[in-house]
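So, here's a batch of structures to check.
Each of the next two complexes has subunit A plus one more chain, namely subunit B in the first and subunit C in the second.
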Partner chain A sequence: MEYFAPASTKEAVKLLGTAKGKVHVMAGGTDLLVRMKGGYTEPDAIVDIKRIAALRKIVRAGKGWRIGAAVSAAEMGEDKALKKAWPGVVEAANLIGSTQVQGRATIAGNLCNASPAADSVPAMAAVGAKAVIAGAKGTRKVAVEKLVKGPGKTTLKKSEFVESIELPEKKKRMGDAYLRFIPRTEMDIAVVGVGICLTLDAKGKCMAARVALGAVGPTVIISAKAAKALVGTTVDDAALDALARACAAEAKPIDDKRGTKEFRKHIAGVLARRAAIIARDRAKENS
Partner chain B sequence: MNVQPDNKAMKRDFDIVGKRTPRPDGIDKVTGRARFGADMSMPGMLWGLVLRSPHAHAKIKRIDTSKAEKLNGVHAIVTSKDFGPCDDSLLDIRENVMAREKALYDGHAVAAVAAVSRSVARQALKLIKVDYQVLPHVTDVDEAMKPDAPVINDKLFTKGLDKTPKKPSNIAERFEFGHGEVEKGFKEADLVIERTFRTEATHQGYIEPHACVASMGADGRGEMWVCTQGHFMVRNTCAGLLGIDVSNLRVTASEIGGGFGGKTTVFIEPVALALSLKANRPVKMVMSREEVLRASGPTSSSSIDVKIGMKKDGTITAGDATLRYQGGAFPGSAVPYGAMACFAPYDLKNVRAIGWDVIANRPKQAAYRAPGAPMGAYAIESVIDELCRELKLDPIDVRLKNASSDGSKASYGPNFGVIGLKATLEAAKNHPHWKAKLGKNQGRGVACGFWFNFGGETSVSLNVNVDGTVGLSVGTPDIGGSRASIGNMAAEELGIPHDKVRCIIADTASLGYNDVTDGSRVTFASGMAAIQAARDAIGKLCERAAKIWGIPVDAVVWEKGHARPASPNAGKHEPLSLADIAAQAGATGGPIAGHCEINAEGAGVSFATHMVDSEVDPETGHVKILRYTVFQDAGKAVHPSYVEGQFQGGAVQGIGWALNEEYIYSKDGRLQNPGFLDYRIPVCSDLPMIDTVIVEVPNPGHPYGVRGVGETSIVPPLAAISNSVSDAAKVRMTRLPMSPPNVLKALGRI
Partner chain C sequence: MFQVHVRTRINGDDTEFSCEADETLLDALRDRLGLTGAKEGCGTGDCGACSVLVDGRLVCACLMLGAEAEGCDIETVEGMADGSKLHPLQQKFLDHAALQCGVCTPGFLVAAKSLLERNDNPTEEEVRYWLAGNLCRCTGYDKIVRAVLDTAADMRKASKPKPAKAKKASAKGRVSA
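Presenting the complex of A and B:
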């Protein structure tokens, strides 16, 4: 196995294009190294992107944000402005594993690992985050929910990798939230995750909403029905009940060791309700 | 907080015993200097790996190792053919460490490889072809007992019945304990409640996986370095399995990262030795976590019926229980202990407990802290709680009313000696926890628990060094701080500072046989042996002083670390310290040492009462433990910090067992969660600080009053937590784990 630590995106793209056999980009390595140790994957080459200085920064991109693919979850948590703008996304990143894991784990890695239960993905999808992809033919952007094809599978082509994650501008009266359910309190994997972002009008009526469900389908589910339950309401009890029902209906979980179908559907509703309340209150604070 | 009931017989003042001296292994452990099982390497060492069955139950038609043997770097491959005849008592172990005609569970070893590296060994495993014929399997205890269940062992005919059946089945044995007439007792009751409970199999969850290095020389002499609770057991078992003289195998126990009973038997050790024998090179084996969960020794899953009758005043008129435990693919689940222990806290006129030992296609269970007792206690203490609730009685008062006390007849036969159950209940009743206010969706539960404790074969050697320090060699691996406690007892007896005694775990060539570290026996039995070895040494020290002074030995006494003339008649001599005498040992007759070899008797039983507050999220079924207090009789807490650690550890493992831990098998009989992500032991943030109250009712069977404390602490938690959650959720919980989906189901929300 070969290990590369390029100093620029260009070099990384080149290495990814030329390396033989199974090549893996490595960011924090908190998924990759664990899988290698367990004998689940045996890469022929690893391209470590942590030495690329530009990817270790959080910068403003217009009125939005660009989070380099090598920025750790802990670094996101320390960026006060980012945290103020998109607390749901930052909180999702800061749910990953434990303090130690967050010191290395990245949200780009969380996305590219393509686990149905990835915590930051529904949070990112809810706020409309985009992945900036570098490749031999230059860069392109895709919505994060479009990057993942299925468990463990992405739409990235040979020589491509995610350079950064872009979060949009946080407008007035917008609020986001992410909640997940785990049987323990940390070091666990989401049984269900719900990311919600909503925008209120001056009177407190919901103008727009995005609801993303994690761990209840092969990829993140963006539920238009759930969003519809909120739009046009003041996000009152009746709207929240409708939201919970919609999320329970839209969730397509499987029965497995982490929970039964009925359980996960029920929890999707409960969490959506709780997340919507947080997002609503944040939007109000931001008016 | 220490509660010391007045027990004059045993009252004495101690200088060191009862003090919180620094942990002797602390610096080694926090600096990484401590050597655990996987830390040993030897020149020329090979790596061993095991090929395991992916099937729950399958006939092994053929194993073809020819391709793997040809792989560069492979030095040896073993299968069941390499384990020849052995004593009948070892047959099940032999079959468990290497499958013979059949693979009996998912993860059962079928072959093993020794190669120059782990990656070569891994490749070699892929080249071994095993021809399986998959057979119907059964993993559930109740299913396994059904007449039409797949029969796992056609030579197994239920023992313990009036007539041995003609047909084989998965029921290995029936046990019965009790006295009186339960039916008569139920007639006297004002309320009788009958319930069925279920618990899932759990794993001890020790952090250190099994690991060993075995080195068998061309001269037939071998050495092993093993992470184990009993290196003498490893020696005898491995020697027996491979036909080696016991004296030709020397086993050293490594530092141990947890055992809790799971390391009281062998898994990879005989395999490593067989590989070494064949390869003529040292072989190291380290289990992965997945292997630990699939193929070491978890505890039984169980299904239990309980019927208890109570009068309006709280008197229990009768108790009847039927316990069914599956202990994996071999007989020997802990059901007899469960049946013996479940009613032990109560002094009952009419009591019966029936136990059924059942086999299933799962790994052979091993001991787990008070093996078998937590599940039995869970069922009985739950029904008592429900009776108290229905009859509007205080659960502590009812337990006090019925509690076993000194001399009462135990439900399993004998009469109790001096016991401390009532003292723990009184301590619980008087604790501020009992009166603290609860909020919405919160509940409180209490439960009692009992464990027998054990003594056993023990051998200790105590060497007085030239500088007045003392080397103390014991043969019981230290899994809970016993080196500190045993060393402190020896120092107490000798009258020297605790840090002048260094206690080590000696290898099997250095001491007489020692039983494994189990049964909460070590501080009791090795401690007792250390005290006696110290007394033996004191006798010799006095002899030397007598020689120096030229007076008869019976004119010398030992006081506070010094030999002194017994009376003015003996002459005027300056007292001689241990160091003074040690310095002259060469001139007065040579080395001074004390020894003790015993089969320790008089292990006092131990009782505990646990109290726990919990909060249930009625929308998600999530349970949070808010407050937890352990009240347990320690006899005498030699080192209170370690005693508290045992109380807390038992409670925490109980919390895991009660809330989230479980072996999950799919329909095809494969374990679905062989890793710490989906086998959920509690993490720190799941837990409140576990408060402890050490109750001390000295055990007359030990010179300092010690009772074992390691196991009782896991007996009450399942019940205490279930009672607490039932209180919070306002519905009786009858199934473990109380994981969110199970709680929501019980609440009728899904």
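Presenting the complex of A and C:
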């Protein structure tokens, strides 16, 4: 195996395009090294993107945010302004693994690893995050939920990699939240995860909502029905009940040792309800 | 296999080593440099026995390549004591009997040191969350948590400018400073 640590995006794209055999981008390495250790992947080359200075930064992009693909979850948690703007996304990133894992893991890596249970993905999808993809022909942007094709599979082409994640401008009366269920209090894989972002009008009525369900399908599920249950309401009990029913209906989980189908569907509803309350209250605070 | 030549600083000393491109930092530390303080409990990021600081950030040495350490500042448990003088955390671990077999101890010490550098007054909950990635199969954690909280309390006392009644404060039988 060869190890490359390019200093620029251009160089990284070139390496990805020309390196022979199986090439892996490495950000935090917290998924990649575990998979290598387990013999699930044997790369011929690793392209470490942490030496690309621009990818180590969180910057304002217009009124929104650009989080470099090499920024660790811990660094996101330490950025007070980002945390204030999109607490749901930052909290989701800060749920990934332990303090040690946090010090390395990235949200771009969480996305590109394409695990159905990735914690930051429903949170990013709920706020409408986009992945900025660098490739031989320049950069393109896609909605994060469009990047993942199925478990372990992305739509990235050979010389492409995710350079950064863009979060939109946080407008007035918007709020986001992410909650997951795990059997322990820390260090576990989500049985269900729910990300919600909503916008209230001046009277406290929900104008727009996005609901993203994780770990209950091969990829994140953006539920239009669940969003519809909230829009036009004050996110009161009746709306929350409708939301919970919609999420339970939209969830398409599998049965496994971590939870049965029925349990996962039920929990999707319960978490959606709780996440919607947090998002609503955050939207009110932000008016 | 490709060999990589790596220049780093380990516990304050400039250090160079060569390792294979897919070799973890943990293997390089243990097998190439003889720094066997960091342990391999799992090799997959779950147990924290391999905890080290890289540029001040707590990480699992098993989840990082040796090659990635180029130009980095690395701190391991071997750098904690000052000669034969133990670090306050090390002394408190002894005082509280916070170890039995000791396999997890280097990881806990490095992780706890990193917590106290950021927060000298953590709550018990904060200590437990910070250390959630460090597993111990012997102690039941309680003694470890108490040792960390006690160290923090001592460090706060030591860093406060001495009040008028300094005599009383220092009479509390502190084993180390």
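Here is the rule we use: the second predicted complex is superposed on the first by the 287 of 287 C-alpha atoms of A that agree within 3 Å, B and C clash if a C-alpha of one lies under 4 Å from a C-alpha of the other, contacts with A are read in each partner's own complex, and residues count from 1 in each chain.
The criterion applied here is as follows: a contact is a pair of C-beta atoms (placed from the backbone, for glycine too) under 8 Å apart; a residue touches a chain by one contact, two chains touch by 3 or more.
Being a predicted model, the structure only gives us computed values, none of them experimental.
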item: Which superposed partner A:Ile267 touches (first subunit B, second subunit C, both, neither); value: first
item: Partner chain(s) touched by A:Ala249 [first = subunit B, second = subunit C, both, neither]; value: neither
item: Which superposed partner A:Met187 touches (first subunit B, second subunit C, both, neither); value: both
item: Which of subunit B and subunit C A:Gly103 touches, first, second, both or neither; value: second
item: Touched subunit A residues, subunit B compared with subunit C; value: C
item: Common interface positions of subunit A, toward subunit B and toward subunit C; value: 38, 185-187
item: Of all residues in subunit C, those that touch subunit A in their complex; value: 1-2, 4, 20-22, 24, 43-46, 48, 51, 54, 57-60, 62-65, 67-68, 70, 111, 114-115, 129-134
item: For the subunit A and subunit B complex, residues of the former touching the latter; value: 38-39, 181, 183-189, 191, 256-260, 262-263, 266-267, 270
item: Subunit B to subunit A touching residues, read off their complex; value: 122, 288, 290, 619-620, 622, 659-660, 664, 672-673, 677-678, 680, 682-683, 685-686, 739-741, 744, 749-750
item: Complex interface listing, subunit A residues touching subunit C; value: 1-3, 5, 28-30, 33-34, 36-38, 43, 46, 48, 50, 72, 74, 97-101, 103-104, 185-187
